[in-house]
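Per-chain numbering from 1; labels A, B, C, D and E assigned in written order.
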Amino acid sequence: MTGSLLETMLSLTIVIPMLATLGIIVTGSNPNLREIVSLLASLLVLILVVNIYQAYDQGESISVFWLEVIPGITLSFRAEPLGILFSLVSGFLWPITTLYSIGYMRAHHEKNQTRFYACFAVAIAGVMGVAFAENLFTLFIFYEILTLSTYPLVTHSGTEKAKQGGRVYLGILLSTSIAFLLVAIIGTWQISGTLDFSSGGVFPENTSTSILSILLVLFVFGIGKAAMMPFHRWLPAAMVAPTPVSALLHAVAVVKAGVFTVLKVVVYIFGIDLLQTLPATQWLLYLAGATVLLASLVAMRQDNLKARLAYSTVSQLGYITIGALLAVSAGIIGGAMHIAMHAFGKITLFFCAGALLFVGQRQYHRVTTNRRQLEQVVLAGGHTGRRSNAVNGCFANKLFAQYCLPDANTGPRVLFRQG
Amino acid sequence: MNTLGLYNYWVVIVLMMTGFYIVIAQGNLIKKIVGLSIFQTSVFILYISMSTVSGGSAPILKEGISLYSNPLPHVLILTAIVVGIATTALGLALVVRIKEAYGSIEEDVIHDKDEKEC
Amino acid sequence: MLATHLPVLQVIIPLLAAPLCVLLQHPRMVWYFALLVSAAAFVTSVLLLQQVLETGEISYALGGWAAPWGIEYFIDSLNAYLLLIVTSISTIVLLAAQTSLAKELPDDRHTFFYIAYLLCLAGLLGIVATGDAFNVFVFLEISSLSSYALIALGKSRKALIASYQYLIMGTIGATFILIGIGLMYMATGTLNMQDLALRLADIPESRTVYAAFAFFIVGVCIKLALFPLHQWLPNAYAYAPSVVTAFLAATATKVAIYVLIRFMFTIFGVDFFTTTGPWQNMLLVLALFGILTASTVAIYQNNVKRLFAYSSVAQIGYMILGFSIGTAGGLIATLLHLFNHALMKGALFMALAAVTYRVGSVELESFRGLGKRMPWTMASIVAGGLSLIGVPLTVGFISKWYLIVALLEKGWWFVVGLILLGSLLAVIYVWRILEAAYFSPPENNPDETPEIREAPLSILLPVWILVFANLYFGIDTRLTVDVSRLIAQGFFGVSP
Amino acid sequence: MWAIELPPFVPFFIGALLILVSRGFLRAAIMLAVPVLGCIHLWMVPEGIHWQTEFLGYQLLPYRVDRLSLVFGYIFHIAAFISVIYSLHVKDTLQQVMSMLYAGSALGAVFAGDLLTLFIFWELLTLSSVFLIWASRTEKAYQAGLRYLVIQVLSGVILLAGAIFYAQQQGSLQFEFIGLEGVAGWLILIAFGIKCAFPFMHSWLIDGYPEATPTGTVFLSVFTTKVAVYALARGFPGTEFLVYIGATMTCFPIFFAIIENDLRRVLSYSLVSQLGFMVVGVGIGTSLAINGAAAHAVTHILYKALLFMTMGAVLYRTGSAKGSELGGLYKSMPWTTGFCIVGAASISAFPLFSGFVSKSMILIAVLSEGYDWVWVMLIFASAGVLHYTGIKIPYFAFFAHDSGIRTTEAPTNMLIAMGISAFLCVMLGVYPQVLYRLLPYDIGYNPYDATHVLAQMQLLFFSALAFAWLNLRGMYPPKLKSVNLDVDWFYRRLLPGIIKPCYAMILKTDASVRSYFMKWFRQFLFYISHHHGPEGLLSRTRPTGNTVMWITILLSCYMAFSFIYSK
Amino acid sequence: MDNNKHIFDNPKNIKRVIHLLYICCAVLFALDFVIHRHTVHPWENLWGFYAIFGFVGCVALVLIAKWMRTFLMRPEDYYDPEEPLADKKTVNEKGVDNVGH
């Protein structure tokens, strides 16, 4: 494939969902057409990302430049392994979620379905933008697009409770991203003069450790989508959303964008060698470990199935953050893999939860009375997210533990095991 | 004696403070405008005072006089006086309208009426 | 030939056109005329900017008397930049004036409105174009007096009170500036800005200069509505006719800031500002207070116009903050925000004009459900709001970016934190509107008020021009950043 | 010679799938055919490593055949076959599928050549087996199953951690001798130990097995613990620590077994005790001892399955397996009674029964290595086993005081299954060479010499005498409807007892901190809105004078500064 | 059901079984003198070691186990979640049927 075709394809992964948004709005009055547009766009994106993956696999370097906003700060995209992985996961799950949504939304006779599908498509554009962003600025933009486009989804039902949840959702995500992430990004710009992701990090060698530590902390907390405690509240708060949205939040897009950003920052802004030398890394590791544990504990006490799953997600994200902060290559690999594994696991769980909801049983204890369904859920969960299993979760977990050792990070390791 | 020598500056300050005090303390809208005028007047005097050249005569061309006060501030202050008049006029016009609309020109009364409206 | 007279044409065209309006009694005709004048001014300013960028500063001696004796019109990149902002906004606002005013003003007042409008425009342009300190005062008063009149045209009787208050304070402010100028003249014996700058640098710092400085800065701060001297602004903006609000919000305060920059950096000099006395810190503290307090107050406002008026106070805080850093980077941030804020507030207040046109009220309550009924208007409010917050790809982001970069250069992390806190407050007050518009059902049954539909094109068009500019200058920053850089370079001698 | 080298778990997993889609007779046929065919297949497979893959730079050997694994492989097939027959009457897809998966996982674990594969099957064992407990579909079974699941998963996670440490230390994941050097060894030992029901880790077994379905218990008794024994034999042979662990395991459960009322629970305790023998054998680690442990595993699978089957049949027919509720069943279930006695004789290690030929190997190995006190403990346990299992089980279930329960003989398929295992018990007892040939090490060993037989007979008969004497004197512990505290008390009573108040305290603190914070926050908000709100100080329309005052203040400030700074 | 007399319904048969046990024990004990055992452990040489060990050990086992009941036994519903923590005194040895005799 020629380079320009590939560049176009890369642009298209972002443009197609945007166009789909328009198409959805235009065809809003005809539900069938509207949903066909959604599905088509999702399939197209899937095909595109698969092609990009293959091209990259064959050694092609794909990058595309859109425009320069401020001298040195550009809107540009590049396909690199982490991003491709993330885009593949999301690209694969989007059609599935769309299919599920069609059934779900119709069965529930939800209102404002056009808005729902439109926002959904924008969110996917955001995801693709985050995945392929070549620099922090581009990433930040799409990160915010993702935040804003999911708010209407979270508050879809329009009830006062939904709005309350939506406020918490938006409040935490926006405030962390503006108050911390943006500062961190500008700080990075100030220190290194670039925002481009480059392997090995961007900071000059003589940068003071304390400044870098502050930056790291700002980054980790600023990426509110990674749901590090104590900025995790938005995730349980967002469970008021319809189930397909929860799937979008937990599996396809939002939280994954968060931890993905953490990974990107760790690998391409700090660089793992530098990260290992920062004192803040240790503390954040402990915090991530605590997040894993506490969220699991809280999850156990949740009666609402979706809340339970939400806290479980918080806990799982902690694993990925640990993987990133370990600052060793296999930790990164483990973290990246766990993005995919957790996505598949959690989406299954949420779909099951949605199915149960359809039967009218949101409360966990009521579900237990229907043992058969519980078994299904537990089985699905057992094989994927929660119970470490050969098929997926374990590999990621394994890698973490493996590389905890050279660091002698006993604390997180022990915590990890408990989880 | 220096202090007394600059007496017109003291006048400026006294006038200015008087004007200010009226604007701050008086609730009556017209009185406020009066205060404002006094305040502006102080500035006129300031300008005129500073244009004085000791021993100089008024800046009117006349034979035999070689030392004149600086005429420029006088010119400037003419403009300022015009502006001051315009301001006062506009202010008074507004007060008339306010009186029509509220039936009062006392600031607190007007304030209360606005409060009630809400 | 004409090109050499551009600086004076810039001012003289609207100034002379204003009385001519009396001849054109028909509202529509006056409107066309005013629009034409404003467009001409706009073209002039574009040409001027071009000229300045090509050949450098332009000095125009009025009536042929050379400076420092005669009055000089002096245009450098800063002036040209400001002229462009003022004329462009004025023209765009005028586009919508006819339609918007039709609902807000009786027909017989239209002529009067356009006279005042053009006078105000002329005043603002005069302030910017002139190179003579006293002339600044004169034009300031021209613009102020006409803006008092414009505000008093508001429908509500509160507009009268607002106008009156503005008059008192504006006069005090202008008079303070006058005193300042007088004291400067006392110290130096010149009124020409370039000359003043040269002579002030020579003479030893005296109490006269300090007193001039004190009077001047307080006077300007009243005009630009720096916290806590902002109290005239919310009411004036809230109760003035919609187009007036849009025009004043986007231009008047900007021009005041120009005056501040010009006097501070050109006349008193950067060193005076940064090294002697706590001027910098005083402004910084006031600006920060302004940002936080006004943003917080904005959150609680139920009148959306008033809400955005408070937001303006906060935004002025950002500009003064950048100014008070006293570095080239800070100045760039201020200048960018000057331009960008004009764009966003212009767009927002114009959108409010559209809402007023259809709904008749800008209370938050009446915004409920507007997202569906007036999609384009509300979309423009979304865009403007996002810009206000500083979301990337909007102009708001650009200026905030430069502001933070400038602060980080100084190492003022704490201030960065406060600024971002201000942004978050902006999120909240913008979100309140959006939530009402998009996520709240209309208060009354839509069937009962079927007349609420999308605003007419004549209002929407200018709104969307501004929204588009909001986005365009958020993406393509060459013009604004380059010009700002050039200006800063002029003052600080180095390119940041 | 054998073209296809399928790992033995594959037929079972395929079988599980087929069961899922088949019904009735076909399903039964598949279930029967899988172990038979699998066993024949295994017979043909030569020793060696048959599969190799690479994963993350580690060599994985998912299918390794040697003599140690073969012993377990064969007996697992046989046991699976018997258990399948026993459960033929069950019409429960969940149980059937899961039991197939369970058996397959056990085989997978036994033939795993590396720790990662072992871990995978280790977890699959857990996941499939827990459904056999849940299949009872009672609340009690559900709770017990959850506890079982948690502990088993814990074992798996520890194994994983251990494996990772091991890989870190050794650079290899190969599952060979591990030993207790370093953290890895200990972690892996603990993981194995949990599954092997080491003291204080045994409660899951006592807790879980009796709650499973009658047929499920049979499956459970066969696989999980024996996989653990196999893993110990593979990874920790000759670890002295295990000798003492094993000795403890043989002795302490018997006290509990004596006073236990639920006969299936008694069998569970006896299971732990018998595991102790194997662990001792592994701990000694000589070829005789390892042989003994392996042989004991084989015989134990057969007789323990037989005993569980008889109890299962009783439970199936009467609905209870409580000693206090049973009695006199020999009248209506004579065959079952007979098989039970065979099983009891086997577990008690009467000569000519299977227990004898394996247990004696371990005893001799212990003695010859000079573990005197361990030996004493083992023979104490050997004597005791007659009490709590050999006599107690048949006595209370089938004889003793007639409970008045009259029922019918167990279903035919159960009888056949019991018959086969009873036959095997006797056969191995009479002709042990069949068993010995399969064992990992070639040693000439003959259990039937006069010394052993006599000593064993004396031990057993006098033990029986003690039973008779105590019983006649009325000193034997009566059967009481009760539960007896065991280690599970710690996590079922003590831990919740501690955690609940702690949790309550934390919640209370949390709530009060939260409410304090919220109160503070609300006050803050109130303060903010008081000053900034629509009628607040800062947003009210202030009188003009007010601003002018501000102007004056600001001006004076500037003036003051001006005068300070001017020279 | 069946009202046939079964083998152990006749107490005599029980007696017979017990007597048979006594005889066996006696014979086995006697055999110790007859058969020479090759022993590994010195204790094994003790006269009647296995017999006595078996008897004493089992009696001790049972007595200890019975004693353990005093602190291990709890009512059957001890762990049942619905019930409040049961009072230990509710376990009444007389109340439950004694099958052991």
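In this section, a contact is a pair of C-beta atoms (placed from the backbone, for glycine too) under 8 Å apart; a residue touches a chain by one contact, two chains touch by 3 or more.
For clarity, every value in this text was computed on a predicted model and none was experimentally measured.
Hopping across touching chains, the smallest step count from chain A to chain B is 2. Here the two chains linked by the largest count of contacting C-beta pairs are D-E.
Taking each chain's centre as the mean of its CA atoms, B is the chain most distant from chain D.
Legend note: the chain whose CA centroid lies nearest the centroid of all displayed protein CA atoms is A. Chain geometry summary: the mean Cα position of chain D and that of chain E are 28 Å apart.
Our note on geometry: chain B versus chain D, Cα centroid distance of 99 Å, whole angstroms.
Averaged C-alpha coordinates give centres for chain A and chain E that are 65 Å from one another.
Within chain A, no positions touching two or more other chains are listed.
For chain D, residues touching at least two other chains, in rising order: 541, 544, 548.
Each of residues 161, 164, 168, 172 in chain C touches at least two other chains.
Those residues of chain C whose C-beta lies close enough to touch chain A in the complex are 389-393, 398, 401-402, 404-405, 408-409, 413, 416-417, 420-421, 423-424, 427, 431, 435, 438-439, 441, 474-477, 481. By the touch criterion stated above, chain E contacts chain D in their complex at residues 1-2, 4, 6-9, 18, 21-22, 24-25, 28-29, 31-32, 35, 37-41, 44, 48, 50-59, 61-66, 68-69, 71-76, 78-79, 81, 91, 93, 96-101.
Chain B meets chain C in the complex at residues 23, 29, 32-33, 36, 39-40, 43, 46-47, 50, 72-73, 76, 79-80, 83, 86-87, 90-91, 94-95, 97-98, 101-102, 110, 114.
Residue ranges of chain A in contact with chain C, taken from their complex: 67, 69-71, 75, 137, 140-141, 144, 148, 152, 155, 158, 163, 166, 170-171, 174-175, 178-179, 182-183, 186-187, 189-190. Across the complex, chain D meets chain C through its residues 528-529, 532-534, 536, 538-539, 541-542, 544, 546-548, 550-551, 554-555, 557-559, 561-567.
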